[in-house]
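Heads up: the structure comes next, in structure tokens.
Chain naming follows the written order as A, B, C, D and E, and within any one chain the residues start at number 1.
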Amino acid sequence: MVIDPTLMIGVPLFIAFLIPVSTFINRKFPRYLAGGTILFNLILSMLLLDAALKSPVVSYLGGWKPPFGIVLYAGPLGAMLALLISTVSILTWIYLPEYIEGGDKEKFYMLYLLLTAGATGMVLTGDLFNLFVFTEITAIASFSLLAYSKGKDEKEAMEATIKYMIIGSLSSAFFLIGIALLYSVTGTLNMADLSSRIPHADPRTVAISMMFIITGLGVEAEMFPLNGWTPDAYTGASHPVSAVFAGIVVKAGFYALARVIFSIYASSTGLGIMLVFGIITLIIGESAALRQTDLKRMLAYSSIGQMGLIITAFGMGTQLSLVGGLYALLNHAFAKTLLFMSAGAFILSLGTRNIGALDGMGKKMPVNSILFTIGAFSIMGLPFFGGFISKIVIIYASMDAGYMLIAILILSASVIELVYFLRVVQRIWMREPGDSEVKKASNASIISMMVLAAIVIVMGIYPQAFFRILGPAAGELLKAIGGA
Amino acid sequence: MIAEILVLIFMPVFVSFMGLLFMGIQRKITARVQNRIGPPFYQQFIDVMKLFSKRENIGHNWVFDIGPIFAIVGMLTTMLFIPMGGFRLLSMDGDLIVVMYLLVISGLGMALGAGASGNPNAGIGVMRGLTLMMAYEMPFVISVLAVMVYYHTTSLAEIVGMQSGMWALIILPLSALVADMALQAQFGKKPFDQPIAPAEVATGPIVEYGGKYLGMLMVAHSIGMFVEAGLFIDIFLGGGLLFHQPGIIWQVFNFLFWVLLVFALYTLAVLVNAIMPRYRIDQAFVFYWKWPTIIAIIGLAYALGVSVW
Amino acid sequence: MMFYFASAALIAIGIYMLMVKKNLIKMILGLSVIDSGVNLLLISIGYINGKTAPIIQPGVSPSNVVDPLPQALVLTNIVIGVSVTALALSVVIRVYKHYKTLNSSEVRDLKW
Amino acid sequence: MIKRLVSIIILAVVITSLFMVLSETAPFGDDETVVSHRYIYKGVDETGSANLVTAVVLNYRGFDTLGEVTVLFVAATGVGAALYTRKHPVRKNKVEASLIVKTGSKLLFPMMLLFGAYIFVHGHLTPGGGFQGGAVIATAFVFKYISDTRYSIDHVGFTKMESASGMIFAGLGIMGLLLGGYFLLNILPNGTPGELISAGILPIIYIAIGIKVGAELTGIIDRMMGVEA
Amino acid sequence: MLEFLNPMLRPEWMISLLFIGALLTYFAGKVSSALRTTFAIIFSVFVAFLVFLSGSRDVLTYWRPSASPMGFRFVLSINALSWFFALMISMVSALTIVYSAGFGKNTEKDNAFYGLNLLLMGAMLGVVFSGDMLSFFIFWEIMTLASYLLTTLAGKRAEKGALNYMIISTAGAYSILIGMTMIYTRFGTLEFSGLASVMGGADPMFLLITLSMLGIGFAVKAALAPFYVWAPPAYSEAPDSFTPVFSGALSKLGPYGFTLFMYGIVGLPALAKMGTFRGISDFGYIIALLGSITAVIATLYAIAQDDIKKLLAYSSISQLGYVMMGIGIGTSIGVAGGLYHALNHAIFKTTLFMGAGVLIYTTGSRKLSDMGGLGTKMPITFLTMLIAIFALAGIPMTGGFGSKWLLYEAAIDKKFVLIAPLAFIASVGAFLYSFRILQSAFLGQLPERLKGAKDPSPLITIPMLFFAGLLVLFGIAPGIPLGIIASVESYLGIPALNVSTYSVYLGANFGAYNAFTVMTVITLALLVALALFFIAKKSRKVGQTDTYMAGEVPEHHVDLYLHYSMNFYRPLERIFAPYLRNRLERLYDAFGSGYELISEGIRRIYTGDVQHYVYYVMVFLAVMILAGWWWL
């Protein structure tokens, strides 16, 4: 069967439409359908990555050559991110059943499948308006998943959803204005075609449209002033949903932003904005996390901080910084998902999100605590874990590009990060546990967490495997900007 | 070579003999100052003989026995490394810093023994002794440093050699003054005899010692007197080298002059001891770390400024 | 020219509603106003003076037909607008059920 | 008060910049761009559908519309998930519709359904298409809701229709891939433009979309009606 | 005859052996505790033996990772300097593992303990053997992580100490990273050998910045003046059997870093270009000054401590101050003194902490005032700690004196009139607080509950005796260690010290110190004293409570007030109290809580009201558009 990126989106949509009917046949059917499709996606993305490493796989929708039809462009970067998305999605799928209570499960699985499909679409598409449509699919799917929580924490979920929706749809409106401006000046919607026409277009319109699009996509990529919704969304969502948020939605949103700035506008002002606001996001994210008492909110701020780090790394615009940024992106996706999952397991058995209740969990839930510690150590950037390699590469890149102040800020931010993570880890391992009995996490969730932990450790010990993919991936992004 | 070894063997005997003699004379002088007759000058010999011939000596444990042994070992070794008058004994193999650290051994021995005796008075005495040691080391080190910096050498023999023309006392008077103040505490004379204050801590560390232990400590103390005074003389008073002609006779004369200087220094300290009351230990500490240190620093600065090269 | 002005005004009104009005439903209405403004903007970009709708009937020649692409985009955007507003309103129903108020400054349990 | 002033100032900045950029660079109604040039001149014979917008919506940029349908589908499911209540929502509409409305709805309901069907069947010929047709059908059902207080749609049937039409659209796409090598390729012959059976799979897709949109919008309205605040 | 070991003498062999050993020990622990302990001992002693055998032959191994973005290769090298430090580290950690095996309590934590110990040993060897800066930094981070995890094993009491340690040492490690990247971006190469030739040419300002950045990282590890805040709580709260390695071996990597970068890579001439003061580089002088100031401050703190581990912690900070003083003074005597003192400190500090561990194990409490009179009951521990304290105080009978003597010679030769007195006062202070341990723990009255105290199992006493023996050996023949140090100095490009087995000849106008004559004189004097002792009658042993109490007879065993060790140096404390009010700790805490306030403010940005978020978005857009408008 030919390896075609469109399959990765077409088949999940087809199955998604099938799911509502399937519940009438058998209660359990939606779960296995969704799981099966994501597995299919995973395998396909692996094949796609191999193919993409040799030469980018392009498929024209409806048979029309660009710029007339929509084109799906699976370069090394796109394929790698598709693989990342399907891996995180399949692992969260395994982790899922224990944490969604009430409601009709088939709707959850449908939304979950569509979220994955939407994110994969965002990552693979080569057409600007198509990118907008897929951003919308992912956004609305994440709205509904966020609103899905039932039971006692429905109140927070609903509040988080309404906030996220208002900011999200405002940002999509700006994104569309940007596209309209671009269309009015260049006349096409295909990304490659756009990047060739923009230099001849009127610079002022291009600049204004870039500002609109950056605002639109910046909300999705958690840049500083635009990430008001993030802490509430992560705290309000149920545990697997916040894991998927950190792992997939934000990553795809950021990729869209990077793709727009790097391959369409190829503008140094865009990079400058990313650099400046990346650093601000990093500092604000880490500092805000320092004073949190709610575990998930702390992880939310930490993910804002980490996204800030990734944005800064991309903002520097050299090949080395991009490789560092991508490595940080991979590491953050896996480690943060692991952290949210293990935090979910803690909160489920403890019943409260308060960090104070975590005392002495090392003895009561040893496996889960070990996994949480691995995730925390990797985010902090301690040796033997992925974060360490990405930190070194980013610091080398920033010093190479002459941004010494940025390097110092990144390092001080990671020291702050070390403080609040170690406070929690030490509370887990070094304190005496209370006497209340604790429900053990189910085997399925432990397996998925272990796989994530294994990936993170492999990223720390054997980084060459990942560098082999990241090198060409960073090269692909830089092609348009003519970077180093 | 044989002469050297003979000198090495007899020197300790001679020094301890003279030490006991001087202590006896000093007791006579203090008595006279306090308008009383005082014991005969050979009293010390009688005491030592009595102590060594005691039939039964009280001891606690093996650490208690090590105390006096270490005291004597420390004093003997230190003595051999100090050039005495003409005789340069072993000072070629160990310089001033070695001597200052060897001095510590006897103090350590006494402290160990006192500690092992289990008597709280001894413990307090040791604490006072050590605090006092830290007190007087500060000015003493700075003044000695001035000399070392001035002559740019740390070897005692060379310092003595370089002073043949002019005594360091004349070149660096301030440092000599401070060193003499420190000497007062090294001898353990009032106003700095807190460690063995009879009234407060019942003669401090040596409260449990009797019989042969006390005898050995007295011998060690007498050698110690010679060592500390000798050190001062070698550094500041040209090592007692009055006559520079070669020949054994002149060497003997020099040595006698050196012994005379020791006696003079010791008398000075005893005279001060006779009239001064005793400081509290923290007063002593503050005393040593205030004025003597400042004077020593001025002396050091002077030495630095005027140093030969 | 007048249409650009109209779409800019619509977007301005929408954003103004969002920034000033406290009530959540009014905010969602503001969002749909912005959406319609954007749609108008898209259409007016595609409009060519003096040309008719892009339906090729026997009487209409391809030369005087308006650019169909923005209209396709608008079609998609309208549906997105509808679905987002529908979902937002249903969430607002649930928010009202819990908070008994729709004032955005009261609906802030998750803060700091 | 300051808040209003500040927001007006911000707005002024944003909108005037937007307006000045637009009026400067894109003079109203200049001639068409390269891409749309091809749609206009070669659109009809390439896709076979007279309505160029439908050609663009379904054929050239069919993928967008597939995404589009998914968005609506997700929204319907989302509303269902958000407003989910254990027991089936029973309607407590107190206001009794007047006689005119009742009889009017009995008469007009089938007409509106027919009109909706007409719109999405002729999607590729006359203006309008799947989405507009579906909306008309939804209004028909709303009309029914208003008139008859106890009426509620048959959920199982609607979900089946929805899924069936969705699967047709996606299925066509996949078949296009299997047979012609490109996703959503127009496998059937274009036929003569203007005819009812023309423009290959476009009418089929539009019919599927029409049914799907009609069912979903009605579903959303039904769930919203069912829930009391 | 050990040729079959030759292939194993390569650095990567030793480090990987230890890392694998760590894993094996951890999992073996799950099976049986005996297996785990034997594994730990075998691995550590074997590698220590390998390190000993490897000698200072220059061995270099290269390894280029396949697809690394920065295109460099990892280098591991054994040279004279790294061999000297590796010897020290492996000896201390191997014997400490043997020592901790002696305690034999088997809890889940022990598996982690032994595993992490081996990992730490491997990481330390890695740091010392690394030939290029990146592997240096990676091993440095692994070492920090392993030591942090080991500190956390001590349970709740170590929580604050471990957190502070991790934060400050990671900050230090990051400043090293910045220093290294500056060098990498300027010179393009990471390998020490390549850098050594190029670094000399760099302009002084660049050198100053890089060296100070690296210096901060090393100063943190060496607990130099402003950065020692983490050391006392970390050393004292860490598990008892880990502290010997923590302060004995781990702290030596600070001085290693300084020596490597100041003399190994930058080299004396380049250092001199940065301005000289009386013949040595300014940079070196500042470090020497800092070292001596740290020595004095830490000594004054140590005198006032009642908790034995805190006292020893402060004492190791002051001794490290000495080492840094030596290394700071760039002359051949100074560096030799510094390195020799590092070796001595590694040995006697490890013995002291081991002894402290035994004391805590037997008496069950860390307070010096709770112990007493154990000298007779635990002779071996008493003897080894006595010798270690002799070395600490620098008494000529042990090796400790040699290094102190060299330091003074160096200071006086260069006429540093500020450093020499400070050093001397610190050494006298050292004697004071070390005697405090002897007095309160071993001498004085034996409390009732400690009647049963006796010497611990041989597994514990053998390492202590080995170290004590080593100290006495160095006392007699300082030539052995100084010989190695001379070869290190010639490797570093500093004029080497000419050393004979028993004495060091420093040059014309220097003093001399012939250890052989000193020792012979001491033994002769000992014979004379013993003879004098045995002439008189034998002494009758009497119980300790039977003491002169000014006539008052003590009732039945009232040991509360008889054992004088509570507030041992009360007068001194009263004098120094106003100056020692932990100003530095309060400064760090103030900085910490200050930042907490800022982050409290930042947290408030997320007010929770949707309208505010819309505002933020609109303001961002407006600012961007204005920027966009002007920019183009």
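To be clear about the criterion, contacts are C-beta pairs under 8 Å (C-beta built on N, C-alpha and C of every residue); 3 or more make two chains touch, one makes a residue touch a chain.
Just so you know, these numbers come straight off a predicted model, no measurement behind them.
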{"item": "Where subunit A and subunit E overlap in contact partners, by chain label", "value": "C, D"}
{"item": "Remotest chain, subunit E as reference, centres from CA atoms", "value": "D"}
{"item": "Distance-maximising chain from subunit B - centres being C-alpha averages", "value": "D"}
{"item": "Selected interface, B-E versus C-D, where C-beta contact pairs are more numerous", "value": "B-E"}
{"item": "CA centroid of subunit B to CA centroid of subunit D, Å", "value": "109"}
{"item": "Between subunit E and subunit B, distance of the C-alpha-averaged centres to the nearest whole Å", "value": "37"}
{"item": "Rounded Å distance, subunit D centre to subunit E centre (Cα mean)", "value": "75"}
{"item": "Intercentroid distance (Cα basis), subunit C paired with subunit A, Å", "value": "28"}
{"item": "In subunit B, residues with contacts to at least two other chains", "value": "none"}
{"item": "Subunit A: positions in contact with at least two other chains", "value": "129, 133, 136, 140, 143-144, 147, 158, 161-162, 166, 170, 177, 183-184, 189, 204, 208, 231-232"}
{"item": "Contacts with 2+ other chains: residues of subunit E", "value": "603, 606, 608, 610, 614-615, 618-619, 621, 625, 629"}
{"item": "All pairs of touching chains, each written as two labels joined by a dash", "value": "A-C, A-D, A-E, B-E, C-D, C-E, D-E"}
{"item": "Residues of subunit C that touch subunit D when the two form their complex", "value": "1, 3-5, 8-9, 11-12, 15-16, 19-20, 41, 44-51, 53-58, 62, 65, 67-69, 71-73, 75-76, 78-80, 82-84, 86-87, 89-91, 93-94, 96-97"}
{"item": "Subunit D contact footprint on subunit A (complex, rising order)", "value": "2, 4, 6-7, 10-11, 13-14, 16-21, 24, 59-64, 67-70, 103-104, 107-108, 110-111, 114, 117-118, 121, 129-130, 133-134, 136-137, 140-141, 143-144, 147-148, 150, 158, 161, 177, 181, 183-189, 201-202, 204-205, 208"}
{"item": "Residues of subunit D that touch subunit A when the two form their complex", "value": "17-18, 21-22, 24-26, 33-36, 38-39, 59-64, 66-68, 70-71, 73-75, 77-78, 80-82, 84, 156, 159-160, 162-164, 166-167, 170-171, 173-174, 176-177, 180-186"}
{"item": "Interfacial residue positions of subunit B with respect to subunit E in the complex", "value": "12, 52-63, 65, 68-70, 72-73, 76-77, 80-81, 90, 92-98, 101-102, 104-105, 108, 111-112, 115-121, 123-124, 126-127, 130-131, 133-134, 137-138, 141-142, 145, 148-149, 152-156, 158, 202, 207-208, 211-213, 215-216, 219, 280-282, 285-286, 300-301, 304, 307"}
{"item": "Residue ranges of subunit E in contact with subunit D within the complex", "value": "615, 618-619, 621-622, 625-626, 629"}
